[in-house]
Each structure stands twice: as C-alpha cells, then as structure tokens.
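Shared between the two complexes below is chain A, which pairs with chain B and chain C, respectively.
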Partner chain A sequence: MAIIPLERKPLSLAERTYLPAILSGLKTTFARLLRPIETMEYPEQRPAIPPGYRGVPTLVKDPNGREKCVSCQLCEFVCPPKAIRITPGEIPADAPTAQVEKAPQAFEIDMLRCIYCGLCQEVCPEEAIFLQNQYSMSGYTRAEMVNHKDRLYELGGTLPDPHLKWDKKKAAAEHGNTH
Partner chain B sequence: MFDFFFNLNPVIQGLIKGLAVILVIFPLAGACSLAERKVSAWMQGRPGPNRAIVPWFAYVPFLGRFLQRLGVFHLMADGAKFLFKEEPVPGHVNKLYFVLAPALAMMPAFTTVTVVPFGAYFDGAGHAIPLVLANVDVGLLAVFAVSSLGVYSLILAGWASNSKYPFLGSVRASAQLISYELSMTLSVVPVFLWINAPGTPGTMSLAKVVEFQSLPGFWGGTWFIFLMPLSAAIFLISLFAETNRQPFDMPESESDLVGGFHTEYGAFKWSLFFVAEYSHMLVGSGVFTLLFLGGWNPLPWLPLADFVAWLHSLGGAAFVVHPLFVGVLSIALFLGKVLVVIFFFMWVRWTVPRFRYDQVMKLGWQKLLPLAIANLIFYALAIAWVQTR
Partner chain C sequence: MIAPAKPELVTVNIDGKEIAVPKGMNVIEAARQVGVDVPHYCYHPKLTIVGNCRMCLIEMGLPAVDPATKAPVMDPATGKQKINWIPRPQIGCATNASAGLHIRTQTPQVKDCREGVMEFLLINHPLDCPICDQAGECKLQEQSTGYGRGYSRFIEQKNVKPKRTLLGPRVMLDDERCILCSRCIRFSKEIAKDDVLGFIDRGSYSTLTCYPGKKLENNYSLNTVDICPVGALTSTDFRFKMRVWFLKQTNSIDPESSVGANTVAWSREGVIYRLTPRRNDEVNDTWMADSGRVLYKAVTAADRLTAVKVNGADSALDIAVHAAGELFKSAAGAVAIVGSGRSTVEEQFLTKKLATALSASTHLVSRVGQGDKILVSADRNPNVRGALVTGLIPALPTAQLAALGTAIDAGQVKTVVSVGEDLFAAGLNATQLAKVAVIYLGTHANATSGTAKVVLPTLTVFEKSGTFVNQQFRLQKFLKVVPGVSGATDDLVVLSKLVAATGGAAPSDLNPLWKALSAEVPALGTVTFANLPETGLLLDATPWAALSFVEGETLHFKPAAQAAVVTA
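Right after this comes the complex of A and B.
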C-alpha cells in the first residue's frame, strides 16, 4: 500500500464565504421542487409485485381442482418459527382421487409467527404451498391472524401444474405398471 | 362608509385596524406552517399533507379535491387539535412562568406589526399615505427594540421548564440573538444614512425608506438591494439567526437538544411558540422587503404611482385611481413580496444543514460583525462624498 500524499489547496476567498456552495445547493433543491413527486400514495396506488415475491403463504389447487397438499407435514417440520400446524386426514376410497390417499384435515398457518422465509414452499414435494403476492395481513384479534385451510385455498387459488403427477400414477396403475 | 369609519373615535379606529391586522397575521402564520410542510415535501419528492377534508367539502366538484390535495384542511385540523388536546404541564416546572412564556412570545411578535407599513394610497395631492397601524417616526428602531424582546420568552420558557435541554436551548437563544442583533442593526445604518440627507428632516420611518425607493430617475428608483447588496446580505443572514430559522435554529436543534426551549411544551402553548416564530418571520420578511426590496413598488424603477397611472391609461377605468383600489393593490404587492421572502426562508431551510454552535458564534462575531462595520464605514464615506458633492 503506497501512501499517496494529496495536495490540499487552501480555499479561495469565494469558497471560504460558503456562498457559492450554498447557491449551488439552492439550485439543486429548487430543481427538486419542480420534479414530479415520487411518493406512491399507498392505499390508492399499489406497488407492482416482482416475480418470485414472498408474500403470504397459501395452499393451491391443481387445474383439475384437486387440492395438492397430501399432508406429508414436511413444511410443518421445516418451518423455523413453527407457524404451520397440520392435521392429516384420509381421502375416502370412493373419491375420484382416492389414489392420493391422504389430504390435510386441517391446515393452519399462524401469520403472527410466520417469518415469510419461504422454506415451506421450497421443501414441498407436491408444489402445494406457495408464497404469493399478498403482502399485507391485518386482523383485530390473534385468532383472526391464523389462516385456516379454507382461507389458505381461497388465497392460493389454482396454479398451472405441468406434471399432473397423480393422474399419471393412476393411469400407469390402470395399465398394470405401478412404478 | 369611509366617512363613518374616519369619524369614529381614533381609539376605536385603532382597535378595528389592529384586529384586522391580527386577523390577517394569525392565519397567515398558520398558512406559513402549511407552506413549510408543502415546500419541504415537494423538495423531497413527496406530496406532503393531502388527506384531511371536511366531509361535505368533498362533494364540491373541483375545488374540494384541489383544496384537499393542497392540505388546507390539515391546517384547520392542526389548529383544532392544538386547541382541544390535553395541555400537559409537567410537575417539575415553575407553573406561572411556564404558562407566561408562550403568551410573552406572542406579544413582541404582534407588537412589531404595528409599526410596519404594509401598503400605501395617494391622497388628492398625490402624496403617498402609508397604511400602517402606528406611523411613528422611530419606525425601524421600534421594530428592533420590540422584536428582540421575543428572546425573553425563549429564556423564560427554558428556565421555567426546569430541565436541562430547554435550559441549554434558551441559553443558546440568548447568546445567538445578542450576537446577531449587532450586525443586523449595523447593516441597516447605511440605508438610513442615505435617506437622511443633510438638510432633510431626520427619520427612521420605514415608509420613508419606501418613498426613497419610489423616486423618479435611475438612482431614485433603485431598490436598496442593488444599491447596498452587502447590507442586504448581512441583514438577511442576521434575520435568519434572529428568527431562529435553519441554519441557525440553535435554540431548538431537535437533533441534539430534543426540542430545545419548547421540549416541555405541548398542545396550544407549543403552537403559540410556533405561531410567534412565523409571525417574527413575517415581520422580518416585511422589514426586509421595505428596506431592500422596494416595499409596495411592483418592479425596480417602476414606482406604485407610475404603475397605477399606467393601469389607468390602459383601461381608463376610474376605480383604478380610487384610494381603496390603490391601497388593496399595494397591500397585495407587498404581501406577495413578503411571501417570496418567506419562500426563500423555507428554501434555505431545506438546503443548508444546521451550523454547529461554535460556528454560529464564530460567524456572528468574527465574520458578520467586522463585515457590517466595514460596510458601514464604506457607505458612510461614499454617502458623505455623494451627498456633499
């Protein structure tokens, strides 16, 4: 590290009065005054959400309307703040998607605990849980801040599914090829 | 109607005029606080206060929305809030002086208004009669004498608060005011040397200063800011310090002294300090306008009388030369200039950061004061040379 001596010139008389600096500052602020306002007026104007945004976690259905969650509880186990609580349930044998075998009976996400880390979405083998675009959660009571299963599906809606894994499994089983 | 007014007892006349002026100054000071918020917001790329609205006013098609966006109702909401919220009086304060200080802040602020002329009309002989509450000959001296009393309210507030930040704030206020009072007074002496030419009756009247800036000819019509730019600069800088405005707001300095002298104040008492500060600013800007910006003359080298004559020749309407119209016109011109100066105050506030306390003292005593003295000596010699030639 070489030491580079900087030559510091003494200030000129004009610089010592500070007036040129103040005048150029005044010019800057006046130019700012004339510029358009940059503030977004929030409740009326909403920000554009970029792709990959991690908003409120939601449960999604596939295009056929099947709930994708199979209540494997991986998200529940991975959740760092322990915000997810799943009660696993059976799918009745006479249902059209009986081959899936399991679905959540109850699925609760406590939004007071959730830290929006997105680990549940990453760990989900069924691509059933997604952190989507909703960024503002509010409620008057603690109970209101717990999202139950119905609410989670309502928030999540339907997302496109390129795999339709369980339909392929069913078709394969019907052709005598279970794996 | 005018005869009726002029036939009233002078005391009642004075009362009515005084009330009228206070009714203008008080809302104007409030409007300045709103303008401050708006200007600061626009300079920072924000819209500023723009939400509050009186419910039924929202139905007025265009105007309601416009006033809402302008934040006018925030002004009323703030005023109402200050009036109705709880008045906290901390337990450790000296109650009498604590309550007295804000009232004392208002008094000099409003008293100075009485000697500041704010317009003029012409009588039958074409003489300009200034519109002023008390046309006393001491004029500017009275302004200086009374406005510097304003610092006593700060000292009293800081002392009565009985806590260290207000106390520090008020000590700073007193030191700062004393430091800048000197250069301020010295900077305007050349103006009065110039208008008190040998052989003319001596005066300190502000209206006379304007009269001198409305004389015909190149040198007569020149505003004093062109004639004495250094005086104007020193006066303006001292004015910033006297009114405790950024970059000289030592008494308040919210970053190091919490709130300075008004740390312990809240609600209406606090707002009185606030209005007093803006009233000081208004009066100070008014004095600056009268001294250096030609008072109620519309443009340099275009006195009010010529302007009115020009308007009259333009349309030929008789009301143009009516004293009432001329008076209102001159008040509007004067207020317009004052508001421009007020805007300059705000503009500087959002441009220049606050000085350190020692820098303020150094600037006041080591820079401005010698400069003001040198300026005075220079102009004294120059005026002596010009006027005795």
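Right after this comes the complex of A and C.
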C-alpha cells in the first residue's frame, strides 16, 4: 500500500495559547451546573427495572408452595453456554405432591457461564424458570458463582400460576372416573 | 448345507414406486424398502400382527380382472391394467404383498385417517411429557408432530387410571399413558413364553395389568419397556435418571454368555446410563436379557482395581511390568498362563503370543450355567471360541484348573499369569497358590488379586474396543463406550508390554494388531477391525466341528446344525 505523507498544519497563535479550548470546555461545565443531575448514585440508588427484563435466572414456586420444576432437563438441553446442570430425582409416593412424580434433586446454574439469553425460560414447559429483576451477581470464588437449588428458589420466590395443572390432575385422580 | 428356498418375488406399487418384494411380505416392511414410512404403534417386525392401533391405515388396490373371464381389464386412458381401489382404508400391518398390489400412503384420506386415530389416542393421554422417560423416543410424540391437531377438542374429564404400578421388579407401568397396543402382551406370550400380561375392562376403562398373583419378572421383562411405543412401561433402573436426548449411543455386545447379543450402550459424559438391544436378525432379533442390562454397573463398582501393585504396594505400570519380567526370567520354562473366555479375540491373540514367548502352558476357565433357550446360553464365557480361533487353547476348557493344580503340586510351575480369572474360584487352593508367584491382570478385586505378586488393573468391556466370537462362530465387534477409569490400562497395552518384557514385540493398537491377526490366524484371513460389519461375520467353524460345546438351543442357534459358512 502506498504511503501518503500528510502535511501537519502549524498551530495558529490562538491555538497556541490554549485559551479558546479552555473556554469552550468551561462553557460546557457551567451549562451543566444548572441542569438537573442525570447520573445515579449506584449502589445506593437503583434503577427501575422495566418489564420483560432478563436478569438472573431463578426457579419459582407456585402459590401453594410447590416447586414447579419437574427436572425435564429441557433448559439444560437448550442452554447455549451449558450453564445449567440438573440431577433429576423422584418424588416419593407418599409425598403431598406425589402426582408430580419428578423433581430435581440438584439444580445448578453457573452464573459465570450464563449469558442471560432467556432460552431456559422460553423452553420451560412447566413455567418454572424465570429471568427476573436481579442483575448483579458477584462473588469471590468460582464456586460462589454457581447458584444451587436453594439459592435459585430464594431468588425466584413465588409467582402466580394461571394453570395449576398438577393440582387439577390430583383432583381428577381423587374424583376418579365419572362414567 | 441345503440352500433356503428362494422366496417368490412379487411386484408391488407403493406411492407410484414399483418394487419386487417376497410374496406375503408385510406392507409396512415393503414400504420401508422404498423409503416410505407408514406410522404404526402395535406392529412390531418380530411379533404377531394384531392390527389394533389402526395407525397404519393405507389405501389399497388390486389390478382389475373381468369376473367372468378372469381377463385383465385395461384402462383405456393409460393403456395399463385398471386398478380397483378399495373405497375404505385398510391397515398396512395386516396387508401382505401380492402380485400387482397397489398402495397409496400419502392421499388426503390416509392423512385424515391418521389424524383421526391420533386424536382418539390423545383424548385420554396425559400430557406427562415433561416427566415421562419416553419423551424424545416416544412414537406418540413423533406422530403427534406429523398428524396431531395441536389443540384438543376434548372438553370432558380425562380418564383416570393407576400410575406408578410395579408390574415386576424391573418394570413400572403408568396405565394412563398406555395406548393399548398390546406389544408387551404379545412379547411376554410369544418370545418370553411367560404369559402374565393382559388387558382387563372394556372401552376406555381398558387397563393393562398382570394376572392376579403373578408378576412380570422373567429375565426378558425389560424388552417390554423397549418395545412400548409410549412411556407406559418404564425401567425402574433407568427411571428418571437421564433424558434420552443427552445420551450417546455406542454399539456394544452383551458379554454375559456366548450368545453375544448385540446391544447399544447409552452414555453421557463418560457415564453409562442404560443398555438396550440392537437389532441383529441373525443373533438376537431385537431382544436381550435383563441380566445383561445391569452389567454396565461393573464399570463404577466399588471394588474396581485402580492401582498397579507390586508385592501389595502401589507401583507404576512400567515398574510392575519390569517386576513381571524378572518373575518370568527367574521361572524360565515354569510359567503357566490362565487365559480368559472373557477376553477379546485381540487380547487372546496377545496372550497366546505371551505364552509362545515364555513357552508357557495355557489354560482357560470355563463357566457353565443353565441356558434359558432364548438369549442366555449355557456357556457364560462370551469368547471361548475366540480362544480356539486364535489358538490360545487347543480344546474346550474345563471349569477346574486341575491340570494346572497338579503341575503346581509337582513344582513344574513357578509363575502364573492370570488374565482376569480368579484362581481360587477356578479350583486352585491356597497352598498351591502360595507356591507360585501370580501376575494378575484384571478389572475387579478378588481373592487372587489380593494375593498376587503383581496386579495390573485393566478395563471392562465398556471401556475398550474389541471383538468376541459367539456360539455361532460369528465374529462381532464392540466399541469403547466410556473412557477407562483412572489407574487402569487397556488390556492390550498391558499384554503387549508383558510380551515386550520377554524380549518380544507385539502391537497394542487395534489396527496394527488386526494386520498381525489376519496374517497369523487363518480363520481371520481377510478381516480387519474396520471392515467387520455391524452385524458380525460368520467364521468357518469346520476345524472345531468335532468339539462338543456346552450350549443348548437358543434363539437363532441350534447346536447340532452348526453351519460351516464362510462369508468373508
């Protein structure tokens, strides 16, 4: 490639005094002094989270306190960075939610891997995993950055459930065949 | 050998494609040959036809003939024989190929039929997919994608049936998911010969159940789980362990007996989750025994040998091989080798090399059990015939190592190499073993590994590739499913190092090893590991025709009629 030498223009007298540049800078400074503050004093002040925000993925319980995840492992399958790791387990036959049969023994989300894409929430057939408002995760070790099941439920809390599919199933089983 | 009668071929027309198939062939199978999939649930190639799921409905027609003269009726528009289409659909599984049969599988009527059948099947089917182990390999899921409505018109209450019913120790039944295809009933009756399953009640009350007081506990019960097209029958061992879409399938062989049932090992990240049968119409059809399905647990058993030991102290492989070499030198001419019918052909070949290098006597331990006439034979060693083929042993082994015991008593043997065989269990006593130095190659701890001078941990069938020769003299290969446990070394590497310790040389990789095998073993003339077909290769069994093997009759095997066929 050809090299094109450029002529640098010599500075004018006004530029060599620096005064015009300083004055135009100060003009911006004094103009801002009078306007309202636009920055936020984080972390004392926190921004309002808009609806649909994709924060830290969490597990939620239904209004009756039942853990909604049935460990179908679809989120584990769909997760692009392979951040989710589930160990499936069986609900004992004498448990109050025995009709669900299956629940996770362990559920881990590695937040160092998570890319907050929300595919886990999208794919979940039980509406058990949600990316909620929490956006700040920090820790001193890698192990601390792995959210275990208890932590995920603590973060997720309870969300309203319009279906209550398993409760209906239990009711049908108790009612028995009508015909 | 009498050649089997050539089946009469007839030409059938499936969706406009002409194909010649054996007369009487099932239309579903004929369609499969031209790449046309006829969806079905109750039809299974190895079971009788019942035609109760109605999913395989097709349109069928036959060439028209004049009723009076039997002369073909020609269609003036095409100039060909006219086809009389039956106005109503027929089930494909109960339609047999006949000359001139015409089939249509893609017409609007057929599509309507399939959608109607799917809607009825899904009326009472629970939407259990998130918790159902069959999800991912469920025929109902697959056909719903093609023929499902996407929403339900059914507003009444779904049927309630028992869930979590234990049919037997290994099979759990969820009646709500059952689509009443009766495959499991037919399998129990026809293949397992243990007719314990049946339907009770009528209509939508119909329920699969065991006869009162009986259980589905025969050694083939888990095949019902394999053939169940939905998630009604599930394995208690695999239940809720892992979703099938995570599992990698690797072809393997059931090592529990000389039948050599073809299997698939399903693993994820180095952990095996289940073993299922792999179809081989010459060996095991689509079945395998329950007893063979739990063998993967040996890989992670607590008593796995994971440390090389010399005189009871942890050591390194090369030091141990050197120690073995010293033992060979100090006992020159007085070494005996106990080979194994559980070793692969390649390992037996190297064992034979080791024996030749040491001019050692070779022995083999036989394991004889009760054959079940289906897929577990009396010979519980998977590869005794491999030892014959490779020349490791000249005659059939005996259960007790009596000859070796006598030789030890007479002081003729100073060092014994055992390839995975427990010498105590094989009939040698403690005083005899105290007289000799034992070099033990094996996977699991036992009495012999406890007293051996040199212990060399090796791999299980699931951690290495190799071949077995089954009771039909069929050479079959299996592949490495999971990496070997830490501390254990491939048998071939250990044996080749032992051969090197005697001053010889032998390859430890499969490909160069197979070059040596085909060069030195006449029966394996043109075979290589890579070109060995998935369904195995029959070897010429005539050199061993005079031997009286212990196996009785099993599926696809008659001891008297051992066919001497070379297909190599």
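Throughout what follows, the second predicted complex is superposed on the first by the 144 of 179 C-alpha atoms of A that agree within 3 Å, B and C clash if a C-alpha of one lies under 4 Å from a C-alpha of the other, contacts with A are read in each partner's own complex, and residues count from 1 in each chain.
Keep this in mind: a contact is a pair of C-beta atoms (placed from the backbone, for glycine too) under 8 Å apart; a residue touches a chain by one contact, two chains touch by 3 or more.
Note that the structure is a prediction, hence the values are computed from the model and not measured.
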Chain B versus chain C as contact partner of A:Asp94, first or second or both or neither: neither
Which superposed partner A:Glu7 touches (first chain B, second chain C, both, neither): neither
Partner chain in contact with A:Ile37 - chain B first, chain C second, else both or neither: first
Contacts of A:Ala173 with chain B and chain C, given as first, second, both or neither: second
Superposed model, chain A: greater residue contact from chain B or chain C: C
Which of chain B and chain C A:Ile22 touches, first, second, both or neither: first
Chain C-contacting residues of chain A that also contact chain B: none
Contacting residues of chain A [partner chain C, same complex]: 70-74, 76-77, 88-90, 93, 99-102, 125-126, 165, 169, 172-173, 175-179
In the complex, chain C residues that touch chain A: 126-127, 129-131, 135, 157-160, 163-164, 204-205, 239-243, 245-246
Chain B residues within the chain A interface of the complex: 39, 42-47, 347-348, 350-352
Contact set on chain A toward chain B in their complex: 22, 25-26, 28-30, 32-33, 35-39, 41
